[in-house]
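Chain nomenclature is as follows: A, B, C and D, assigned in order of appearance, with residue numbering initiated at 1 for each chain independently.
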Amino acid sequence: MALLIFATLPLLLIVGYALFAIWLERKVSAHIQDRLGPMRVGGWHGWAQTIADMLKLIQKEDIIPTNASRFLFKSAPFVLFAASYAAFSVIPFSSAYIGSSINIGVFYLLAVTSLLTLSVIMGAWASNNKWSLLGGMRTAAQMVSYEVPTIMSVLSVLVVAGSLNLMTISEMQTGNDILGFLPNWLIFQNPFLIVAFIIFFISIVAESHRVPFDLPESESELVAGFQTEYSGMRWGIFMLAEYADMLLLSLLGAVLFFGGWASPFGSYLSGPVWGFIWFMLKGLLFVFVMMWMRWTLPRYRVDQLMEICWTILIPVSFINFVLIALWEMTF
Amino acid sequence: MTTEEITEYLNREYGGNLDPTYAEAGDSWITVSPSVLREVAKTLRDDKNLQFNNLMCLSGIHYQKENELGVAYHLHSTIHDHKLVMKVRVPEDNPVVPSVESLWKTANWHEREAYDLVGITFRGHPGLLRILTPQDWEGHPLRKDYEQQESYRNVSTGI
Amino acid sequence: MAPVTSPQPAAIENRTMTINMGPQHPSTHGVLRLEVTVDGEVVTKVKPDIGYLHRCFEKYAESLGDYAKVVPYTDRIDYVSALHQEMGYVIAVEKLLELEVPERVEYMRVILAELQRIASHLLGIGTFGLDLGAFTPFLYCFIERENILRILEKVSGARLLYNYLCVGGLMRDIPTDFTSDTWEFVTSFRPKIKELNDLLTTNSIFIDRTANIGVLPAEVALNYSASGPMLRGSGVSWDLRKNDPYSIYDRFEFNVPVGQGEMGTVGDCWDRYIVRVREMEESLKIIEQALDQMPGEGDVKEAVPRRIRSKEGEVYVRTETPRGELGYYIISEKSGPYRIKARTPSFVNLSILPAISKGALVADLVAIVGSIDIVLGGVDR
Amino acid sequence: MVQTLKKSWTTFKTIFTGMGVTMRHLLQPSVTLRYPEERDELPSGARSKLFVHIDDCIGCKLCERACPVNCIAIETVQATKDVDLGKTSTGNPKRFWITTFNIDMSKCMYCDMCVPPCPTECISMVPEYEYSEYDRNNLLFQFSELSADKVTEVKEKAEKEQEEKQRKKKEAARKKKAQKADQTSKAKQKNSEG
C-alpha cells in the first residue's frame, strides 16, 4: 500500500505539472504575442483552463479511423506515457525522495526514453495516414540521431562525476566552494562542461521535439504529424507525455549540470523540502526557456536538422568529451 | 509602337492583310483568323522590333448576337514597352483555337479557364481540363445563354 | 584472383506516394488543394487544384448591368487588398467613360492604396513566417495591420471590404483627422519594421529555410507573366507604378526594390520576402509625399456621374496590387457591361508553382507557396 | 571548419536577438481587449447595420434599386387625396404609404450602396454590431410601422381612389369625346351653313 502511494506521487506530480505547463505555455505565448491568453475559467488569469480542457477531452468520442491498425493505434499513447513515467523513477526529486536509487540510473533513463521513439512510430504507422507516416519517419530519424549527442554530453558529465547513480551525482554537488561563492555544480567544475551543456540542451530540445526542432508534428507542414488522427483523451495523453518528457529531460539537465536539488546558496535554504523546490525551479526554468524559444523561432527543415546533428553536434561532442577527459586527468 | 504601327509593320514585313478595329471608346485591336493565329503569335513574340514577351491576359468571350466565340490576347513587351490587343473569333458550333501555351507558359491556365467558362477548345494544349468548376460540371457558365444545372451529384445548386 | 563482385542488392520496390495537401491544410492559405507526388520527402510533382472558392465574379458582374454595382463585388476578389481591386476597376471604368477625377480624390486613392499595400504585405509576411513555424511575427504583423484597418474603418466605415472608391470619386467625404491619424501611423510603423527584421528577416534559421529555395529565374518569370514581388524577387525591376504609371504615381519618388540574391540565388523565397519588406518602406515614402501634397479642400463627389452612360468599346487596364498586376478587361455595350474579366495576379503567380517546386522537400513546398503569397479569393474569383 | 563555426556563431547571435525581441514583448502590456467587458468604440460611420427612419421615407425605392444583392424590399401605396402625410425632416413632401419596408440583414453585404441615393437621408448604416440571432428569420428587419389593418385600409382606399380616378378619367374622356363630337358637328353645321 505504502509502495503504491509512493509510486503515485510522481504520477500526481506529472499530471499536476502538465496541467500547469500547458497553462504556462499558453500564458507565455500569449504575453510574448501581446495577448492575454485564457482569462476566464477559474478566475485569476484562467488558471483552471487546462483542467476544463482535460474534462472536455475525457468526454470526447474516441475516434479510431476505420483502416487503422486498432491495437497499435489504441496502445501507442499509453506506451509513450508509460515510458516517460517509468523514467521518472530514477530522478532524485529531493535528498529524501527518489523512486529507485539504482546504480545505473543514467543508463536506465536513457534506455527507457528510447521507448518514446517506438511509441511515436507505432502511433504514426497505425494511423494509416500519410501525414502521420511522414511525421513518424521524421520522428524516428530525429530521435535516434539526437540520442547520440545527448549520450555523449551525458557521458562527459559522468567522466567528471564518476557515478551513474543520479542521487550520488546530486549529493556531490551540494555546498558552494568554487571561487568561494559559486555552488559546487558540475557546470562550474569544468569549463568544457559548458560546451557539453549547450549540446545537451540543443539535443533535449530536439528529443522532446520542440521548436526549432518540432518536425514530427510540424503543424504548418504535416498538419499534426504523428498525432493527426488522434482525438479526445488519447490525444490528451500524447500531450501529457510530451510535456512530461520535456520536464524529464529538463530535470535530467538540472541534475547533471546544475546540482539537482542542491541549493545555490550552500547549506542555506537546503533540506528535503527546499531541495524539491530548488529542483523544480531549475527544471521549470529550462521548460520556460524552451517555451520562449518556441514562440520566437521558425523551424528547421528535416535535412538541416540532420545536418546539424551529424556534422556539428556529434563531432563537437566527441571532441569535447576527449577534452573533458584530458582536463580531468590534468587537474 | 501603337496598334496602327504594329499592324502596318506586320503587313509590310510579312505580307499580311491585318486591319485594326476601333471602337467608340477605349482600346483598338486587330482580329486574326484562327488558321494563322499561331504564326502571328510566334512572329509577335520573336520579331526583333516587336518582342511581345509578356502575355498579360487571355480572355474568352461569347458574342451571342453573332453566334461566335472569341479569344482576346493582351500582349505587352517589357523590352519595347508597347501593347497590342489581338482577337480571334470562331463559330460557336466548332470553337477550336490553336493554343499558344508553348509560346507563353502563362497561357496554360488562362486557356483552361477560357475552356472551362466559355467553352473554347484550344488545339495543342497539354492538359485541357476544367479549372474552376468541377470536371463533371455541365455547360460553360460565362456563355450568355448558360443555364445552371439544377443539381450536381444529387446536391441542389439552389435554383 | 577472381574479380570481386558486389552482392546484388535485393530489389527494393521504389514507389512514390501521392498526398493531398489541402483543401483543408494549415498552410495552403485558404482552400487550395495541391496534389503532391512525393518520393520520400522529395516532391516530384505538384498539381494545383483550384476553384474551391469560385464565386462567379465575372458572371455576376455581367448580369448586374450597371457599372456602379460591380464595385462591392470587386472587393471580394482579393479580400486582403480590397482597395486595390476597387481601384483597378474604377480606373478602368473611368478610362472607358473618359472621366476626369479631382486631384484630392487621386491623392486620397493613392494614400489609401499604399496603406492597403502595407497591410497586405504585413499579412503576406506574417503568414509566410507562420508557414515556416514562426508564430509570433505573424501576430506582431497583425497588430500593425490593425492600426491600418482602424484608419481605413474611420474613412470608409468597413474594415475589410471597403467599397470606398466609386466611379469618378469616393463614396464618402474624408474625415478631418485622417491626415493626423496617418502621420501617426507612419511614424510609429518605421521602428516596427526594424523589429520585424530582427525577429524574422535576419534570423539564421529563417534564412536557412528560405535562401536557395524555389528559385524562379527571370526569364521563366516573364514567360509565365509573373508580376509583383514574385517578378521583382527574380531581379526584374518592373513596377507598374513606375513603368506604366496610372493615377498620379508619376508624381512621387520611390525606389523599386528587387531581389539581389543577398542570401542565396536571385529569385529565391528570401528575395521574394525581402522585396515585400522593402516595399513597405517605399510605401511609407509615398504616403508621406502624398500627405504633404494633398490639397486640403475639394469635393470628392464632384466628378461622380449621376447615371453612368455606357459607351461601346473595350479597355484593358492594369494596376499594381500588392500581389502584382491586376488587369480588368471590360467590354462595354450601350446597355452596360458585356464582359468583365479580372486577370488576378494570384491566379497567374500560382500557375508557376509546379515549375519551381520540383525537387523540393515537402517543407520547402510550404515555404514556396507562402512566398508566392496567394489569396485564394484572387485565384478563384 | 571556420565557416561552420562562423555560421554557428551567427545562428546563436540571431537566435538571441530574436529572443530579446520576444522578451521585450513579454514584459510589455498586451493589446487585447476583453470583449464583453471592454469594447472598442466604432467610428461614427462604421457600417454594421442598416437603419431606416421610416418617418422620413418618401417611398422613392431608390435604395431598393441600388442594392446589388436585393436585400431591400419596399412596397408603397399612393396616399389618397384626403390624407396629408406631411413632410420629411428634409422638407420633401410624402406621397406614399410605406406598407412594406423590409431589410434582410442576412443577405446584406454592407456595401453602403443604398445610402447615397436616398434623397431624404433616411436610410443609413449605424455602428451597431451585436445583433446575431439563432433564427435566420429574425434577421429580417421590418421598418414599416403600419399595422396590417391599416395597410388593408390604405390599400382599399387607394384602390377606390384609383377606380374613382379611372372612372373620372373615363368620364372626362367621354365628355371630351362628346364635346369634340359636338364641336365637330357644330363646325359641320357651320360649314354647311357657310
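We take it that a contact is a pair of C-beta atoms (placed from the backbone, for glycine too) under 8 Å apart; a residue touches a chain by one contact, two chains touch by 3 or more.
Fair warning: this is a prediction, and the values are worked out from it, not measured in the lab.
Among the chains present, the centre nearest to the common Cα mean is that of C.
One inter-chain figure worth recording: chain C and chain D are separated by 34 Å, centre to centre, where each centre is the mean of the chain's CA atoms. Centroid to centroid, with C-alpha atoms defining each point, chain A and chain C lie 42 Å apart. The distance from the centre of chain B to the centre of chain D, with each centre set as the mean of the Cα atoms, comes to 41 Å.
Separation between the centroids of chain A and chain B, computed from CA atoms only, is 61 Å. For chain A, residues that reach two or more other chains under the stated contact definition are 32-35, 295-297.
Contacts with at least two other chains are made by residues 136, 140, 143, 199-200, 203, 205 of chain C. According to the touch criterion at the top of this document, the contacting chain pairs are A-C, A-D, B-C, C-D. Of all residues in chain D, only 4, 8, 15, 18-19, 21-23, 25-26, 28, 30-32, 34 touch chain A in the complex they form. Residues 28, 30-36, 39, 292-293, 295-297, 311-312 of chain A touch chain D in their complex. Contacts from chain C toward chain B in the complex involve residues 50-51, 54, 56, 58-59, 62, 95-98, 220, 222-225, 236, 238, 243-244, 311-316, 318, 325, 327, 329-332, 339, 341, 343, 347-348, 351, 355, 380-381.
By the touch criterion stated above, chain C contacts chain A in their complex at residues 17, 19, 25-27, 41, 129-136, 139-140, 143, 199-200, 203, 205-206, 208-209, 361-364, 366.
Against chain C, in their complex, chain D makes its touches with residues 7, 10-11, 13-15, 17-18, 20-22, 25, 31, 42-43, 45-47, 66, 68, 109-113, 116, 125.
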